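Next up: the structures, one after another.
Next come two complexes, and both contain chain A; in the first it sits with chain B, in the second with chain C.
What follows is the complex of A and B.
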């Protein structure tokens, strides 16, 4: 009971602060702060007594660990202490404050404020508040400094060729990474705050001359409607602002690579970054982006196209293999080549379970191994593969719990899923759905399910852009960057609709020849 | 309300779709007996049909590299009755989609095939691309039973043999749809390959050679391997094979490998009578010369070509005459050709076509071209 009351008191204190005016007295303001930051051991208050001329008292309030102490020491405390205060200053505290701000404190990021609410916000975001006794105002000084992770190669999107830097958890560093690639004032960063409690800094970035104003407006509208008390990763936002909330497919892209984000912005897409995660959202998102890797654009286009086709084939196989196997073995045995049927029948002798149960057992085991491999520390990661390959694969076949062809089927399914890391989730769901419908209806059900999948995909929209953009098209320009990757000299238009505002990427071949 | 209506509509269409799916059923592969082939005999005791099915035995497990086989015989009045009754022996439902061959005994063939093959072409599970054979032995069963000596699944082996038949051309490869098609066509008679047991050193092997000749659905006679080849020449079905040739003295001396053959049959009216004009052009390669002199010395290539052509011509005429006089069966489909090219004549003769066929004038002109002499241009010449 007591705890609950304290919490409620804290809440009321936090809410009340908004309306309180700043006091003239330094001590009173400090007390106000201490009340707001009740039970917070990281709040630091430094009172500076200056007796060089006329005595003047000032104070610093900051949160420990979020500031650069050296900067505060050399940029604020030292010069303020050395300042010789005149009689004139004593009479006019506002003038003194202005003098301190303009002439004494030697830190670049500095601004004045008279609202307690704003000051509290500044303190929690790592800024330092400078107060002067006898003046009902304060300075907010940006002297933040905390440990951040170094820029590293992104682990989720590895590339053999191409830039090796990846986004970090720090928003400002991330923006630097983008800005360094696009040295053009056309690149815009718009900041906003999301999360009623966490107040996470969010940045929308886009190329003003390329991004569609309609999509941008739609994004602002959706962000304004977001009601959540905290966000820790862009995954929260992606789920909150996406279209088709019940579809298993991702409707908003995410990347860890600055080069990938920039290339998407250059096609008219919009990026959405938040403080605290290296994953950046890109929108609108279309289906073929699932198959694109940034490396595709850096390596030879034949090879890149081949890799893309492999990924598409992989995704198709990943959903089709278990269902197809079950359909052929339990319903349409006449479609299996005779010798293959004989070896399957031989292998299935004395296996106690129906094919569907066998398939479910092995698929579940595979998913368990996958999830275990992703979660456990790398030092014992080898154990998983040993258990998976030896114990569950070989032993299960020897013990006649599953048949050998099923191990091949599940192995192929698993390996083809790994070709498309972005699609892993949807593929698993679609695969199971197809497997069940096939179990009930045979190969007929499989095609029925596939048809349903295509209808579903065709009906999706991401921020007004058809999810299957370019897939059903027969115009050469539309398919240049889909299942294949056309050479750069041939891609002279941006993707339709997304890049509609300024379609021409570069002069077309014809124009180039004429000039 | 709208959502409900949409839901109901999709549910309804889903249910309706399920009814459109045709024939399907859930079966595990290990719960069925896979039929490899079937032999159809007439039971000596009661004169009923005697069915012998060759089943693939999948019980061997994975340690065996090759699937085994099982034979089951049962007699009964109708085919389907027997097929269903076999379940009481195997305990598993027979699965027919992978059957590869049907062997019919001569007796069944002579009495009429329709009763034996109607079920096979009518049932949903059986395939119409199964190969059909007529046993040259007393029963069809004993050919199928050969698998006990050859240790392989006989029916699959026979199917493999028919796929390679084009390299020998001594028997027609006939699938059941083709057989039934010929059976139903006016101006055409069906054929089927003959299968017999070839015994050598106490080892028995199956051998497909010769042709069974049918009139309607009854077998009326047979051709041997060489005659079959000549028949296939007329039917333009030669894809390969060997023409063996004697030298001038009449000793076997040359082998000509058939590379390609083109046969044209033209029904013509000559002096008011229907005449079939057959032209064959055969491209061959000289693949064997059994004389030490080599082919260039004893006689020229042109000589060999000419004699081969003459020989082929005689052979073809002989087989046509045999079919005209002995069996009176138009297995070449001459009637169909007359119908296609001389419809007015056909209208006059179609009602008594087989009589017309028996007296039909036939001319044959064969041309054999030797294109190459295989790898070498010279013969093996013994040194000292």
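What follows is the complex of A and C.
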């Protein structure tokens, strides 16, 4: 209750100061700013006294660290000081301001404003405010400058072949990266602000002639409904605007690669970027996108299709291996070839735990190792692998705490999970669920679990598009970019529904005939 | 909420899995020994005209399901009474299907697990999918059919080395009498059971071709059933065949490829589970839909859970044992099911045609379209 009140007080205090009109006096305006930026040590105020002609006072307000000092020095301070003020200027401050704006200040991005809250907003976003004594107005000068990370290869989506650029934390740099790949005015960037306190800049980008207006409208609606005080990563947004909030599967894609974003936009998808994170959302998202890597489109299509199939198989194995092992060892021994069964039985002979317990112990240890490996500093990463591989693997088998086949099972499970970094989370959950139901009902439990998975996946929708779009279809057009990757000369249509606005990728006569 | 619509491809998948569902592992009525495949063929031929009548009903009442048709043709009271009969039929059929699986698991798969456990799990899956909507059933069915079809063909090919063609001879050793008896059996179970699908006609596109869906589905399912009957016959022989409860399961277990691929019946059982699941789900959907129509509920979803649990419970006590189930399925069912599958639909069709003709002279519009402005 108390918290709520203070919040309201803060807001009303903020509003009051912002609503005050600009004063004619430079000093008063500066005092106003200082009051608003009370306890903020980074606010800088520079008063310029010009005595070249008729004396004139002006002031600069900016936040230290967010501006380019050289630019301010050479573009504003120097020319303003050198300007010779005439008698006319002194009588007509508005005209003087206009002259300064048009002729004196040599900075490209410049704009006039008379509203205090706009000025405050400009200052906090790194712009410089120029005030003139005796005039109730100001100039907002875009002389921002701060350190940003250089464009590097994205670490989460590596590719052997293909562009090496990755998005950075700077929204404008990211937009440049996109624009450089699509030199077409059809590419649209729509800005909004999200976060009642952080006021994070958000950009929706799409190809106007390809993106579905319905999906776009739905996205705007959902963004308008977002209520949050700050967002630091697109992950916040993805969770706030996704469909099916209780599903473990990602319903909105994210990528760090401009090429991947552009290829998705060219299929009619919409990108969502925010300031401060290299991860960009793409939507709508369908299940098969989990298996797609941008490199698939750059390398030979046989090899790419093979890799895709490996990933699909990997995902399937990663959920099935522990459950399948438990089902075979505890329920359906007859399905295992006799020799193999004997060797498993021998290995399990002196292990005191039931198979399910063994499986749970080892799977948990594997996840612990994975998480530890992801969090610890690289310099001690070696220790984890040594402890994991030698102590927990070899020694546990020697000590008869777990059986050797179980180590193989868990190892395979782990490796196959790594094939699909985007599916890691859901795979772990599905795997455990399958393991439990298999433990209760044997191989039939496993089948029931798979059916449940099918029902769940089939009932999902991402922005009105079925999550399993194209899965189970036998039309050639629908499977060209799913578990396999068809050659580019054969992919003449965009994916159904998402790209429905303009299906044909290549408007040649040949493709028109074939489709 | 907008109306759910399932495209033709998905409806066909539902029909195929629905019809072939039980036969995939129960086998078919097989008193006629090695003539059973002829009986299947005849049953398909017999089913085609009936299915055409069902499809005609969709033309007469576009966008309406069985219950709407009954109520609009036979009036609010009598139509609702007939609807109740169909609700019972769908509920009972769903329970039978679950019971088949329960007996299967008790007899061969999970012999020491109580029968209720697997039935309850599959029942909960059905409740889940029906709650998710007929569209989800359709999409799942399409994917599962593709998958099942691959498995069935694969197993068929693996069985070829075990085929013993002398089981086919002498042709028709049991005589035509038993073949006709089998025909009647196979006609009612499984082919004409597709009458249940009438209860889901509301989800078909109003202008879509029900004929294509039903005939296509019936023929594909018939093909699968004949394939399986022939395989079981050729692998096991007519004598063993008629003495088994789950001939497909045993036939698959005979597969042995290089002493490595042996005893794969467990993994082949995924096809049974899949098909049964779709069949039971459709029954549950039609039951719930019927209840919502008869009692004028806003959505069938509010009764899915109740109906599903009743179905599971019914399946638990409906038969004392597997022999009773077998005898009901093969001997009593063909008489019991006739009114639901043939008499009432034909009566409905004739009445509807008559009404349409009579009104057609005045307005030239179909019964179904007339009802729409209400």
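The rule is short, and it goes like this: the second predicted complex is superposed on the first by the 493 of 515 C-alpha atoms of A that agree within 3 Å, B and C clash if a C-alpha of one lies under 4 Å from a C-alpha of the other, contacts with A are read in each partner's own complex, and residues count from 1 in each chain.
As a convention for this text, a residue touches a chain if its C-beta (ideal position, glycine included) is under 8 Å from a C-beta of that chain, and two chains touch if they have at least 3 such contacts.
Bear in mind that the values here come from a model prediction, so they are computed numbers and not experimental data.
Annotation: superposed three-chain arrangement on chain A; chain B versus chain C shows a clash. When the two structures are aligned on the shared chain, A:355 is found in touch with chain B, with no touch to chain C. Once chain A of one complex is fitted onto chain A of the other, the partner contacts of A:344 are limited to chain B, with no touch recorded for chain C.
When the shared chain is aligned, chain B and chain C each come close enough to touch A:334. After overlaying the two complexes on the shared chain, residue contacts for A:454 are found with chain C alone; chain B is out of touch. Once the two complexes are laid over each other on the shared chain, residue contacts for A:441 go to chain B and to chain C alike. By the touch criterion defined above, A:129 lies against neither chain B nor chain C after alignment on the C-alpha atoms of chain A. Contacts of A:473 after superposition: chain C is touched, whereas chain B is not reached. Contacts of A:26 after superposition: neither chain B nor chain C is touched.
Among the options 44-52, 62-70, 116-124 or 278-286, the segment of chain C that ends up inside chain B in the superposed model is 116-124.
Of the residues of chain A, those at positions 331-332, 334, 441-442, 444, 448 touch chain B in one of the two structures and chain C in the other. For chain A in complex with chain C, the residues that touch the partner chain are 331-332, 334-335, 337, 437, 440-445, 447-448, 450-452, 454-455, 458-459, 466, 468, 471-474. Considering their complex, residues 329-334, 338, 341-351, 354-355, 404, 441-442, 444, 448 of chain A touch chain B. In the complex of the two chains, the chain C residues touching chain A come out as 9, 105, 109-110, 113, 117-118, 121-122, 125, 128-129, 132-133, 136, 139-140, 142-146, 259-260, 262-264, 266-267, 269-270, 273-274, 277.
Here chain B touches chain A in the complex through residues 17-18, 21, 24-30, 32, 34, 56, 58-62, 64, 67, 95, 97-98, 100, 125, 127, 156, going by the rule given at the top.
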